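All chains are identified by letter, namely A, B, C and D, in their written order; residue positions are counted from 1 within each chain.
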Amino acid sequence: MTYHTFIPEHYHNTIGWHEPVMFIDDGDTVCAETADAHGFDRHGNQPGGRPNPMTGPFYVRGADPGDVLKVAINRISMTRSSGWTFSTLAANVVDPAVVRRLPAPEKVLWIIDSDGGVARLAEPPPRLADWTVPLDPMIGCFGVAPALGQAWSTATSGPYGGNMDYRGFRAGVEVMFPVAAPGALFFLGDVHAAQGDGEIVGTGIETSAEVEFTVAVIKRKQIGWPRGETPDEIFAIGNARPLDQALQHATTEMLDWLIADHGHDAVSASHLMGMAVRYDVANVFNPNYSVACRIAKAWL
Amino acid sequence: MTYHTFIPEHYHNTIGWHEPVMFIDDGDTVCAETADAHGFDRHGNQPGGRPNPMTGPFYVRGADPGDVLKVAINRISMTRSSGWTFSTLAANVVDPAVVRRLPAPEKVLWIIDSDGGVARLAEPPPRLADWTVPLDPMIGCFGVAPALGQAWSTATSGPYGGNMDYRGFRAGVEVMFPVAAPGALFFLGDVHAAQGDGEIVGTGIETSAEVEFTVAVIKRKQIGWPRGETPDEIFAIGNARPLDQALQHATTEMLDWLIADHGHDAVSASHLMGMAVRYDVANVFNPNYSVACRIAKAWL
Amino acid sequence: MTYHTFIPEHYHNTIGWHEPVMFIDDGDTVCAETADAHGFDRHGNQPGGRPNPMTGPFYVRGADPGDVLKVAINRISMTRSSGWTFSTLAANVVDPAVVRRLPAPEKVLWIIDSDGGVARLAEPPPRLADWTVPLDPMIGCFGVAPALGQAWSTATSGPYGGNMDYRGFRAGVEVMFPVAAPGALFFLGDVHAAQGDGEIVGTGIETSAEVEFTVAVIKRKQIGWPRGETPDEIFAIGNARPLDQALQHATTEMLDWLIADHGHDAVSASHLMGMAVRYDVANVFNPNYSVACRIAKAWL
Amino acid sequence: MTYHTFIPEHYHNTIGWHEPVMFIDDGDTVCAETADAHGFDRHGNQPGGRPNPMTGPFYVRGADPGDVLKVAINRISMTRSSGWTFSTLAANVVDPAVVRRLPAPEKVLWIIDSDGGVARLAEPPPRLADWTVPLDPMIGCFGVAPALGQAWSTATSGPYGGNMDYRGFRAGVEVMFPVAAPGALFFLGDVHAAQGDGEIVGTGIETSAEVEFTVAVIKRKQIGWPRGETPDEIFAIGNARPLDQALQHATTEMLDWLIADHGHDAVSASHLMGMAVRYDVANVFNPNYSVACRIAKAWL
């Protein structure tokens, strides 16, 4: 149950079977710094490159293929007073012909006021002169090394996690990933100070951060997709295109979860899910979209 | 401001330019009965047929093509103590190969306890022996006659509304439809006693109901898709397949709304939407899926 | 076996249960004029409106719901020397961000040289100065009244046919439609002088035409989607979005066909289809896309 | 212009930045053996594992990031007399509820008669007793190392090529890949003795093979997706889900090609493509689907 502090000296633009930056034990806690999606750190330096440079990987002793790595997000703290977004809706979230009405996206500066708990545009348009956005920090991209020795760009996502850009990945959440590599090889980065559903401008408020997390290994447990748990609910993530398929994966994962761990068969799980399921559209911007299928614990 | 009561003698399985069953005025309120999705009424008789037999149409005097019909849902009351669902997840909401693991859907009976405010399975599987579902009645299918003199099956949906199966269409909501036919020709039916996101078993708890609604005509207002308003938020609906396109329609409609009525341009609207938008997956079962793009009024 | 000639006095913008313009018998042949997609006829007058004004419906005596109407396309002749297309790729057939690089579509004039068997742009850009396109006339939109008394815009398509915009619907092809209304109620129009796969500029070369067709009724035969037959192959059409689903419908229809009429079971049909199937992307422009699943008769 | 012969001693299940098995020069020809999709070689041994074990990578001297690697497929020869397929249509190519009517897929043996130029089922169902399939060998999976140091499973595909399962990748075709790694790092494998459109049973006739290919480096040429050329036509490939997006990528790539190399602007290219384009559905089975956008050279 050691507490580690980690400041990256290099970053990865893929999630893969890379050399660990630290070896940790089941139950350990790490406080790690992350750079923003374009590689800028707390000092405004740019030690990382695009896309979404990752801190890590952390080798978790005792985590083997066929296990689950559980990562509790204890805290996400902003480490600088600036962030950025893109200025227009992404081309793929509006009707195709409407793209002609949207200016090309530009990078826009935000002021992050951690004490005040809000962010604001550095140069807001008049209509948004006094507009502030409550900080609600989340991890945009994290996960474990994928199967087969693969290395996937941090622009996208898969069963191993990755760039899911889900605002539900905030402090207080436990996330489970299917382990495919010895030591799991956990990466994280791309923190957003806030973001709406879908990441529909192609960004949250992108910034550097300090993330404290605690790892746990669940031996010999088979899951197909990332799963999460909050004090109030459980959720399963699906990553794919189109959105329909991301939803199919998330729904199937929840079905399997209810059957394997909650005493249901296909029919009783269907009854429950038909009444209880809530979906979140995590992102509709990345190469793979992400959907969360949630059920309040009160239903379980 | 007349109050009308309406009990159907016949039903329609399409939303189209049909003979009005009643002529009403801007501001009038109607209390109308609806049959369930298979046409069974409060008495358990089956005066209607599949799919989703509609009560109506109501001709709203003063509503012309190019106007908007606003329908306030005042009340949705259950009119019988039984409902039904399908017994398994729909084939299209799980991974394709998983369909083999799901039994074929069967029609399952529910007991609706209006006094207790809950529904329960008539013959629950052991795992759900004491399970109750809070009643949260919603209108599954409603809308106005579509453009061009079209008549669309009540299985599906479009810019005119239709079978959107959104649990957000509950009492307390005002819904706006684009008028295409003289008198708007408003239809409603297919009430669900409760339903989760996505209508993923292919049904809510299907039952007969009594719906009280009040109509208002907004002259010369152009909207592309159904819009809604609750005390706390506004939302726009998109109906299409795949889910991505339903989301594109809903997002585009919200963009247009913010620009036309809320003083935004494309960039300020994008900033707002990027932080504020919430999506609901209304249904992923019908021929056209439905997505709601919501923004809390606090953001406006 | 009567030969009829028909010149429309009015047109329909929906395919639905409309008043027949002519009653014909099983085996009859009709030579009918059609207007172009914007309603212009052989004289350059505009008696029809958008979208895709239909000639018909023709009531085929003896055709009842549950039957199949077979329409042999005997001849498609151009009736004027002009046509038109849109000038740029449709917004939905390129990567979304690329839409900004495409000028907004404009209507462009073509010269149709029926004697020479080619069409050419009236004012070609220099790069296409001497460019000619071989005439290969096809019916863009045709079909029978859909089930349930529905009336669908001629912009789209469904199990009943409609705006499928498939270059395979040329002279020499027999097309089968599932009959849903008494008399089948056959409509046709929207002839293209030529078109590539996908109708990716949103049009073929749109023009008026004279179409000669012969009808036959096949009693009590259940088909789910339009089917076609040429001297060399059979094909099944699926209409839906996304393209994946159109392909699923077409593939399922071919599977059912092989099982019902060609002595296959699911496994032998799968073996055959896995080796023999060819797909055509008929259109990727209309509200519903269209895919043809073809098998050469040599394989049957 | 050296001629190399290569028999693999190990295989890769990812296409990535792996250690080269051979260094070759621009203009060299290689005759390489490949194992089948499950790793069985010409002798029926299984030196490779799933999925689609790759022969290579071949390091092409002089090929740098930003270049194009052109691979001419000179010859594909069968190296054993057996192959295999799956026995039923894949679950994702039929309507979802139809999956229940399809038996679970089993691996089925084929006899490959190279002298006779045909393949036949080893134990055909009665309906296909005398059925033979003409051999038309193709490469299922090939390509170059992807950007960013990524390594992708050979089950899927991307801009770098990969598991495209396109029957158009036969002898006589030249294929161009965008180079991302020094030396390009070319992999190949997963040969099919024959396959229909779409790989709709999830396989072609999977077998081992000997492939002779010749490489050429085109310096400083930017392409986004694999391109191909036959004596009669050019084609561009898009890999993605849904099929719509694969088609968007292929169409965009063809547009860019016509503009960059064939003297077109967006409008003249649109005119040409609207009339000339043919699409092939290469595969609708893999995680990313593949579409080819083709134009006959006669049109250029």
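The criterion applied here is as follows: a residue touches a chain if its C-beta (ideal position, glycine included) is under 8 Å from a C-beta of that chain, and two chains touch if they have at least 3 such contacts.
Since we're looking at a predicted model, the values are computed, not measured.
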item	value
Farthest chain relative to subunit B (centres taken as mean CA coordinates)	D
Higher-contact pair (C-beta pairs counted), B-C versus A-C	B-C
Distance from subunit C to subunit B - Cα centre to Cα centre, in angstrom	34
Euclidean distance of C-alpha centroids - subunit A vs subunit C, Å	47
Multi-partner residues of subunit B (at least 2 other chains)	92, 96, 241-242
Topology of the chain contact graph, where touching chains are joined (line, ring, star, complete, other)	complete
Touching residues (chain side subunit A, partner subunit B) in the complex	85-89, 92-96, 98, 101-103, 108, 121, 124-125, 127-128, 131, 133, 194-201, 203-205, 241-244, 247-249, 251-252, 255, 263-281, 284, 289, 291
Subunit A-facing residues of subunit D, complex	13-14, 16, 147-153, 240-242, 245
Subunit C - residues contacting subunit A, complex	90-92, 96-97, 99-100, 104, 242
